[in-house]
Amino acid sequence: MIVSNYLAKRFEELQRRQEAALVAFLMAGDPDLPRTLEYARAVEGGGADVLGLGVPFSDPIAESPTLEEAAHRALRHGVHLQDVLQIVRELRKSSTIPILLLSYYNPILRLGEEAFARRCSEANVDGVLIPDLPIEEATSWVNQARKYGLARIFSATPETGDERVKQICEFSSGFLYLVSRYGATGAREALAETALPLIERVRPLLPSDLKLVVGFGISTRPQIESVVRAGADGVMVTSALVARIAEGISPEALSAYVRELKEATRCPSPAPS
Amino acid sequence: MASATKPSSVAKFTELPKEGKFGEFGGQFVPEILMPALRALENDYLSIRTQARFQNELKALRTDYCGRPTPLYFARRLTEYAGGARIFLKREDLLHGGSHSINNALGQALLARELRRSRVLCATGSGEHGLATAMACVLLELQAEIYMGAADIERHATTVEQMKLLGARVHAVTRGSQRLKDATHEALRAWVTHLQDAYYLIGSSVGPHPYPLIVRDFQRVIGDEIKGQLLRREQRLPDLVVAAVGQGGSAIGTFFPFVQDEKVRLLGVEAAEAASLTQGTVGVFHGAKTYLLQDEHGQVQPTHSLAAELDYAAVGPEHAFYKKLGRAEYIAVSGREALEGGRLLAELEGILPSLEAAHAIYAGVQRAKKLKRDQIVVITLSGRGEKDLRLYYDRQQLSGQAV
Amino acid sequence: MASATKPSSVAKFTELPKEGKFGEFGGQFVPEILMPALRALENDYLSIRTQARFQNELKALRTDYCGRPTPLYFARRLTEYAGGARIFLKREDLLHGGSHSINNALGQALLARELRRSRVLCATGSGEHGLATAMACVLLELQAEIYMGAADIERHATTVEQMKLLGARVHAVTRGSQRLKDATHEALRAWVTHLQDAYYLIGSSVGPHPYPLIVRDFQRVIGDEIKGQLLRREQRLPDLVVAAVGQGGSAIGTFFPFVQDEKVRLLGVEAAEAASLTQGTVGVFHGAKTYLLQDEHGQVQPTHSLAAELDYAAVGPEHAFYKKLGRAEYIAVSGREALEGGRLLAELEGILPSLEAAHAIYAGVQRAKKLKRDQIVVITLSGRGEKDLRLYYDRQQLSGQAV
Amino acid sequence: MIVSNYLAKRFEELQRRQEAALVAFLMAGDPDLPRTLEYARAVEGGGADVLGLGVPFSDPIAESPTLEEAAHRALRHGVHLQDVLQIVRELRKSSTIPILLLSYYNPILRLGEEAFARRCSEANVDGVLIPDLPIEEATSWVNQARKYGLARIFSATPETGDERVKQICEFSSGFLYLVSRYGATGAREALAETALPLIERVRPLLPSDLKLVVGFGISTRPQIESVVRAGADGVMVTSALVARIAEGISPEALSAYVRELKEATRCPSPAPS
């Protein structure tokens, strides 16, 4: 099994430094392509360990309103998969930050799973997260992702029983994305009550080569600190960033915000795997 | 004319989808958060669906509350007009609430009650499904939470008033296009945050498994009754069965009981302005793999049917399967043609059909013209037309004299 | 509580009125020009009514076209709410057209066809009877000529549009108050000038003999079905049967089959704003002697019910007879109470009744409260309430939370 | 059987003079009571032989729109039966013209048939025509009318078969009112085709003491001439007068119009009964 180099390396590095990863997600094309590039660099500059780019889709289900609206804005500018890959190529010219794509399944299916995997690989994408592709539907995708060396990011939630977590892990590579709270994504001040026990429950189920990244609703330092202390290898921040971009935050300010969040990942994790 | 069913194809039908799929279609393309809920729903439903107690209660309410069986009406004047096959109408327009929607809403509400859910969530476009859900919820003492786009609420204000009178909570969705899809997303968000006490009630045979199965099970009463009524009356099966296809619930309910009857041809009629089966390509939408109106990027296309309930970019996966196999034929009828079909029924039979059903009427009459007098066409008249009165009337005014 | 029927009174009922009268009520108080037509109608009808061919055709159309039998629905939640007798609803709201009107319109249109009339005249207030007539005429290939006051046309524009879509000629009557009575006068004028080829189709059990008999014959299917359904289900007769009384058609159809069953109490519910039986005096109106709202000079009084079809100053003569004999009890319910009754049904059973029927619901629930749990109340739910949505909704808005 | 004196005498007189009777009907109270009195005197002055007064009723059925609207105008002024009787008493002070009342049945029923008959008699009304009281419903009224000496005017129409005409005659006194055309009352230029054969058919069925008055739709001299020539003992003019009053005709002009019509009754009748 090949895991994309940048991503695996970054996790190794972070483990050495006793830091958790900060995975920062943006919606590609929101508000437009050039600014996505600027924001991506700002996020990297702020210390994000992994960059995620959302591929806009017309009908994201069970998505946070923040992300849905961002996708719609991007679509109004005609931003599609090929444009997102173009951004990746652009970024790659000057950066080795691990890059993940988040795309609903239909644009992938439309292009063809293999073509999609190939193009991702060609653009040096490190991994892909398909929110509406549960493991039951993922067999052929996993084969393509394997073939093209893409990390296969799947999710687990408080609803997912232990057995199923284990099955999901078998399909996964890179990290397991743990959705820390009930409900669709969206930044919340307080961390959902379910987050910490969930981490505790899931942590022991993971194979040693799979990291644990926790997300959904994370936007503050204290949230990150408690998640990291509970044993997460990383946190994913999405809506908090997209919302700030929607409000027209400057790249500099976004960078500062990311830096602040990144700080919180440096608190000591009690049980490094 | 429809190509006759390939004999081999019938063998492929099984009552239950295999691994949640009808052939390659269907499945469960949903976020992980929903998977355990769907799995549980599937298990619970598969055990409940065969319980005599459940089926008896459903049957009693269908009979006493909804008004089943609905008549199979021989449309004498429509038949004379067509001059070909005899035309029968399955009168789902006479059901409580005015359309076949209550078949499904009642069945699922009963299921929700069995599952001890106290709240029922649904998304609705024209409000028809919302109203049926509100009715069923009142009856079974469940709280209905209806999600509806703000634009749709404005367009269908009286239906919304009815839902409110029935004690439903109507949530206006002001995001996006403020229409059905936005309402669907909002309802799903609500479901995800209340998986324990809420039941998500899908209005037609779409969505992830097991919903297409559930909806078909509750709508197949249409086709089962047609079959029984026609056998009793004519001692034979129909030659052609016609139904309008929006998301495909009433059509699948009409078709399914005939699927194994190779000689019965099945004709599904889409709105030309939202013709996913006849103009779409395979895709994944709202949880299922099916035919879908999408652009080259896989973005879902907007639709423009006058018939609110046909105005949907995809279709139930079982129809996709029937199409692929050639078991059913699907054609598209324009809004203009549907209005003509609806007016024809009004003027010849005194029945104003829903504009949705009028698509089937138009197509059914066209086909009947080409069939022989000893053949039989059954058209599912899925709803009544008061809600579309303005469209019919304005159009009649425009074109002067009617058909 | 209703005083129990005096045993002796039952003996006085005969199926056919004697010399056109129910006791002292009814008769033929019409201009001489109409007498031969009425005499001929009586003779023709008395021979046709027992013809198997006629009855069979009527039965077939009732079943396949109108949706009979309508369910007798046990209203569980309404019963629990009342906490007394079990309440059953006779679901005439599920009929084609949305009310019991089609029972009568179809029967009389069939009669008109038997009599080889090509045109059917009728006067309508809210348009309900006009619409039912238009439907029946389309079905039987008769030309419907609907007379309607211009003020009523404005108020009930969508119903008028429906009638027009069905090919009916709608004559706007601009005389007088531009309402039902003016339309009635205009329709009668038209009849008088076309006695040979026109059939005058009265919408309820009013007017000169033989109309009250004809309408009762076509509406008694309501009571006949109730009786059969209840006997089959409960092996017994109801203790109380309740129906709204406007002109009295649906009520007489509900009551008549129980008249000889002395233990079955009958309760007719009028609109307090148009309560001819409870507040009127004996008079002659539109061809019959009956109870009438009139002033001391014998001038007919205007009425003010929110329920369009109850807004009539008199009542069918057979009800006058029942009242006089004490066979049925009649009470009045206000518009406000009726709205409450209608909302109650919506919120407990998911059924929005016509405001007319809501009068019966209100009264039926009140009575059920006072009866024992082993007793049975049947209420005729004569029509559906979409047409009255605005009234219900505005009132609910006014009073904040519903009942 | 008592027949009111004025009416019988007038017919005798007319027969002597070889004239037919002109029965002129007005709606009492239209446009108001004082003017009804004026118009009544004008009509008498113009040579009408019999004066008819309509009692306004809220719901006249199968009535001409002209009369219906006149009745509604009168009702708006609160004119009822007692006011009509008051007019009769007023007229009686100076006139012996036979006076008929036309009233729908309900106001009569409300007062009571006997009370009504008595009051009519006391006011010197000569006869009563109740348009919605066919003979089947008239037994008790006929008894009261007999008792109080009121002429009982019933109608026959083209629809009325010979047998029924004879039955109606048995209930009648004074004259039989023959409705000459299909349809509700109302002035028409041409006389309905049915009128003349109808007169020919009915004439022989009448007992010798019953006159034949033809009406409905009569408004011109030629109409009256042909009716009289066909054997009618009189004509009744109603809507033509009421319509002119509705248009605000002066009493003098109405008088002149009546005079013109009266002229036409003087043409020789071919077969005086």
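By letter and in written order, the chains are A, B, C and D; residue numbering begins at 1 in each of them.
Note that in this section contacts are C-beta pairs under 8 Å (C-beta built on N, C-alpha and C of every residue); 3 or more make two chains touch, one makes a residue touch a chain.
Values in this document were obtained by computation on a predicted structure and should not be read as measured data.
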Could you please state the distance in Å, as a whole number, between where the Cα atoms of chain B are centred and where those of chain C are centred? 35
Find the geometric centre of each of chain B and chain D from their Cα atoms only, then give the gap between the two centres in Å, rounded to an integer. 68
I'd like to verify one number: the distance from the centre of chain A to the centre of chain D, where each centre is the average of its C-alpha atoms, in whole angstrom. 100
Can you tell me which residues of chain A touch two or more of the remaining chains? none
Hunt down the residues of chain B that sit against at least two other chains at once, touch-wise. none
Chain contact topology under the given definition, line, ring, star, complete or other? line
Interchain contacts, given as pairs of chains that touch: A-B, B-C, C-D
Provide the residue numbers of chain D that touch chain C in the complex, in ascending order. 57-63, 65, 68-69, 72, 75, 80-81, 105-111, 131-134, 136-137, 154-157, 159-161, 164, 168, 179, 182-184
Quick check: in the complex, which residue numbers of chain C touch chain D? 19-20, 27-37, 175-176, 181, 184-185, 188-189, 192-193, 195, 281-287, 289, 292, 294, 296-300
In the complex, the residues of chain B that touch chain C are 63-65, 67, 70-74, 77, 91, 94-96, 134-139, 141, 158, 161-162, 164-167, 343, 346-352, 386, 389, 392-393, 396, 402
